[in-house]
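The following pair of complexes shares a single chain, chain A, combined with chain B in the former and chain C in the latter.
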Partner chain A sequence: MSATPNRRPFDAGRAAYLTLNALLLAFLLLPIAIVLVFALNPTPYISFPPVGVSLRWFEKFFGSAEFMNALWLSLWVASVVLVLSIVIGAACALALSRGNLPGRAALTAFFMSPLMVPAILTGLALFQAYLLSGIGRPVWGLIAAHTLVAVPYVIRTTLAVLHNFDRRIEEAAAVLGASPVRVFFEVTLPLIRPGVFAGGVFAFIVSFDQFPVSLFLVVPKGETLPVVLFNYMKFDLDGAIAAASMVSILLALSVVLVLERLIGLKAYVKL
Partner chain B sequence: MTTAARPSPIAWLIAPAGLLFVLFFVLPFAVMTAMSFYSGNPVTNPNAFLTTRHYERFIFDTAGIFHEALWSTLRIGLITTVVSLLIGYPLAHWMARMQSRLGHALVLMAVIAPMLTGIVVRTFAWMTILQDKGVINTTLIQWGLIEKPLPLMYNEFGTIVALVHIYVPFMVLTLTGVIGRIDERLEQAARSLGAGRLRAFVEVTLPLSLPGILAGSLLVFALSISAYVTPSLMGGTDVLTLPMLIAQQVGTSFNPNFAGALGVILLLVSLAIVVAYNRILARLAGGQGMA
Partner chain C sequence: MTSAAIKLDQVTKTFDGRVMAVDAVTLDIAAGEFFSLLGPSGCGKTTSLRMIAGFEHPDSGRVHVGGKDITDLPVHRRDMGMVFQSYALFPHRTVAENVAFGLRMREVPKPEIERRVAAALAQVALTGFETRKPGQLSGGQQQRVALARALVVEPPVLLCDEPLGALDRKLRQQMQFELKELQKRLGVTLVFVTHDQEEALAMSDRIAVMNGGKVEQVGTPTEIYERPRTRFVADFIGEINILDEGGQLRALRPEKIRLVAAEGARLSGTVETSNYLGGSTLLRVQPTTGPSMLVRETHAGARASRAPGDLVGLTWNDSDAVALES
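Then we have the complex of A and B:
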């Protein structure tokens, strides 16, 4: 008979351990909470403690043509990237897992490599390539760049789902007389949909929050939201940035909730 | 059955991704490497010639800033990594050993939520905390603990604090997986044999989690040496890292060839780290298979 771990009324070591971890969690989360405080604080520059609650910074953010153009461009680019990376990434994951390709491990590593190469170098390399080929810096070039760094996430989440599901379901459908095309659309696709979709939402966030890849690829007056925020912050630190940050954070948090509902968080955090 | 070794028609689905990666990943990096060996733009300037002068400029460093930039990139990366490990390990241990599923999910959410918040936004958060009129300085002055604001930002300290915050989730996630796979009974056995809780941890769990420590550290190091936003906003004039130098060469100096050479140098440093990272992960997976 082993004793229960909590036999002592107060365990100092355990208390210290929990306190430490609570502090570390606060370190992770408080900065984000503080942004909310500044977004609602009406003083003209960042000051602490807050003196009241107002929506003036949200008004400034949503009323500024510069911010709004950037927000719409970012949303538009991220939406296109979402669709492109879902299609390209899911197809690639299917080929990797079902295509009997030689050198599968190496290919998978290759398709994951944009995550390992410093993003600012991906931006630099694309900038050089666009410069040399004389195409300038079109929006589709930015979309292609974002898709490149977003596709690995879709491949990863789709592979995770493909890895987990029972192949005999597909085989059973085939044995029962379904054509390969029908097996694909009626069995495989519905089964991998959560993984593809979760990867797509991730792709959206990666594009929407993308800075280093965009830095060299945007043109003046055609900058995405993170680039505009970055340039603004170099000279000004007011509540408009906090309001813009809040909009981004709320977007990200809603995405976390969607992800959790779709696939569970565990499936895609495996690094 | 006989065609098991041959690619099936599904293999063609790899084509769009392959095309995307060749056109927008492999070719651009080849272009960047080629550009770093040219004196100018070889397409528009017929007088551009092959040269190693961009690399010589970095190696001989007559301006006296490039070696310093490389060194501060590596130093900031190293300190960020060590601090992330010290902060990430307790959190990862807590998460890996947590019994309650709900608690586990909540902590996981708390770790991932910052990851889904853009780097620019998180850097902004730290600017509001660490600047002269920021949360910490204002509070300390109001409490009468200091007279003048502490220099918490526009230096290496502020840069590292923000970088740690940004990259610690990667450390936690890598470590949680490894610690979670260590059999808890090993530690219990050590304790039943008379070891204290601390000794059981130091002599059993800690050595067994070493591969995770290495993998997480390499990941955070690779990420933090390529950071651009945080050092350029938090570092002020005090900090100049390799990615900042690259952006300078593209933006203000408009010397894409030298930027390319700096890019190749940064790429080589991070590739070395990635190779080491993959080796460790492979050994980890191999050891896992044997256990």
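Then we have the complex of A and C:
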């Protein structure tokens, strides 16, 4: 007589759990699918159901000097913000976690505060501060503003890595003859790098998608993509907006994928 | 390999200005010696080791190694090897890169690094594991990588902070033999921190038993076990009976007590419990007066002969009841 395999009993909790997950995923992904449908639909206004597939809105987007200038400016600003915020954010996180600073909790809260304040207020406040101090609205002012709101993301992901960091590993390097500087570059930096770069991804996206802060700080003919899209939408609501959105999503996705490939974000950081 | 003597001279360390972690400890560790710091957690053994390594700076007192005062020398210039309980391998580097690290810091030429890394890995039986990452190794293998990494630079002093604590019993015993053999072969001075008294007895040339930041007794394993100087040392190491003879406390090991006929014995009483331990049986005997006594009945082949409820007589030699300092 052969043994019959045990049938797994129906598990209502598990079924509910899977259904909930499917619903959440649908909630997150459906809007993107809808944007894609609109971007490919050739009708001159946003309508449903779609009548065909065409790339005319992508052509319009890539053929428009206004959109292209804005896209390059956004990419350029976001790249500089990425670099600045990982340097500043990693340094802050190291100081907060290692520095034995007085009032460490208060300092941490202070550095994270740009996350708490609505971005529109940050934008308005910076706008007034820049005007009052006679700085005006140069590109570096915009970069500084974006960096301000992006740095907390890097601090947070780096602190998460530092929290689980076994300092014995650094001590082992020191006993083996590594000076403090060498310990940092040989051991500390390689081990916190995934956390720093994970924060860098957020920083890039925060800057690239930044609307409320940018709104106050850009000048005519020097507007970032979200601001240009907003202005465009006020008068035209055609597929070019959807096409621009798709390009933004793909750019953000490719940044995540490239960093994941290079350093394997998911292996180290629970986002 | 050269080895160096270590001397702690009245070394004191407090934390947060209040907690006395190490209190005026003086130790003389001979070159080539296997020396253990033994005690319960918080006794100051790890802090003492960390002051030898240079991770902690003593509030007062000096640390000498090889006749030189190294109290103010930074960690990376002390030329020591260290093995941590958590192994502290570099997780982002391969086994070979881990072992090569100290040589690279000493700017040893590349071909020599390769040769010495291969030799060090062969020494701990890990040839063939060069390209693995630490995460792909078992605990015992990681332990051996940590050992190879520490020893490849041929340090005159090797510091071990509970290096076997994370291994299971069987593996730990095997590593005890391997580590001791390696230490004797290389002749390196080894300072070994442990809370495991069996481990300390099995491996050490000499042991310092520490308690509350102070050294209670320094001696060979036999001296520490057979001639404990204080009640703490007697209690901490193995099973012990403390006899009170008119205010003078004496320590008597259970195996020094012989079971005899109840009549005419020094003490007589009934067996309360009998724990069969394989090679011996540990009896708890309640005498007619006084506290209960532990008695070890060793049996070569024969099974334990006493059962709970039996009336037994106890006797021992006076010289085996060691007078303790009060």
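A few comments on the model shown:
Methods note: the second predicted complex is superposed on the first by the 226 of 271 C-alpha atoms of A that agree within 3 Å, B and C clash if a C-alpha of one lies under 4 Å from a C-alpha of the other, contacts with A are read in each partner's own complex, and residues count from 1 in each chain.
The rule we apply is simple: a contact is a pair of C-beta atoms (placed from the backbone, for glycine too) under 8 Å apart; a residue touches a chain by one contact, two chains touch by 3 or more.
Quick caveat, the model's predicted, so the values are computed rather than measured.
When both complexes are overlaid on chain A, chain B and chain C end up sitting side by side without clashing.
When the shared chain is aligned, chain C comes close enough to touch A:171, but chain B does not.
By the touch criterion stated above, A:12 is placed in contact with neither chain B nor chain C.
When the two structures are aligned on the shared chain, A:65 is found in touch with neither chain B nor chain C.
Shared-chain residue A:181: touches no atom of chain B or chain C.
Taking chain B and chain C in turn and counting the residues of chain A each one touches, the greater count comes from B. The superposed three-chain arrangement places the nearest Cα atoms of chain B and chain C 5 Å from each other. Across the two superposed structures, the residue set of chain A contacted by chain B and also by chain C is empty.
For chain C in complex with chain A, the residues that touch the partner chain are 53, 55, 74-82, 84, 86, 88-92, 101-102, 105-106, 146, 149-150, 153, 159. Contacts from chain A toward chain C in the complex involve residues 166, 168-169, 171-180, 182-183, 186-187, 190-191.
Contact residues on chain B toward chain A in their complex (touch as defined above): 3-8, 10-14, 16-18, 20-21, 23-25, 27-29, 31-32, 35, 41-44, 87, 90-91, 94, 105, 107-114, 116-129, 131, 133-135, 138-139, 165, 168-170, 173-174, 177, 197-198, 219, 222, 225-226, 228-229, 233, 243, 246-247, 250, 256, 259-260, 263, 266-267, 270, 274, 277-278. Chain A meets chain B in the complex at residues 13, 17-18, 20-21, 24-25, 27-29, 31-32, 34-35, 38, 45-49, 87-89, 91-92, 94-96, 98-102, 107, 109-111, 113-114, 116-122, 124-129, 131-134, 144-145, 147-148, 151, 155, 205, 208-209, 211-212, 215-216, 226, 229-230, 233-234, 237, 241-242, 245, 248-249, 252-253, 255-256, 260, 265-266, 269-271.
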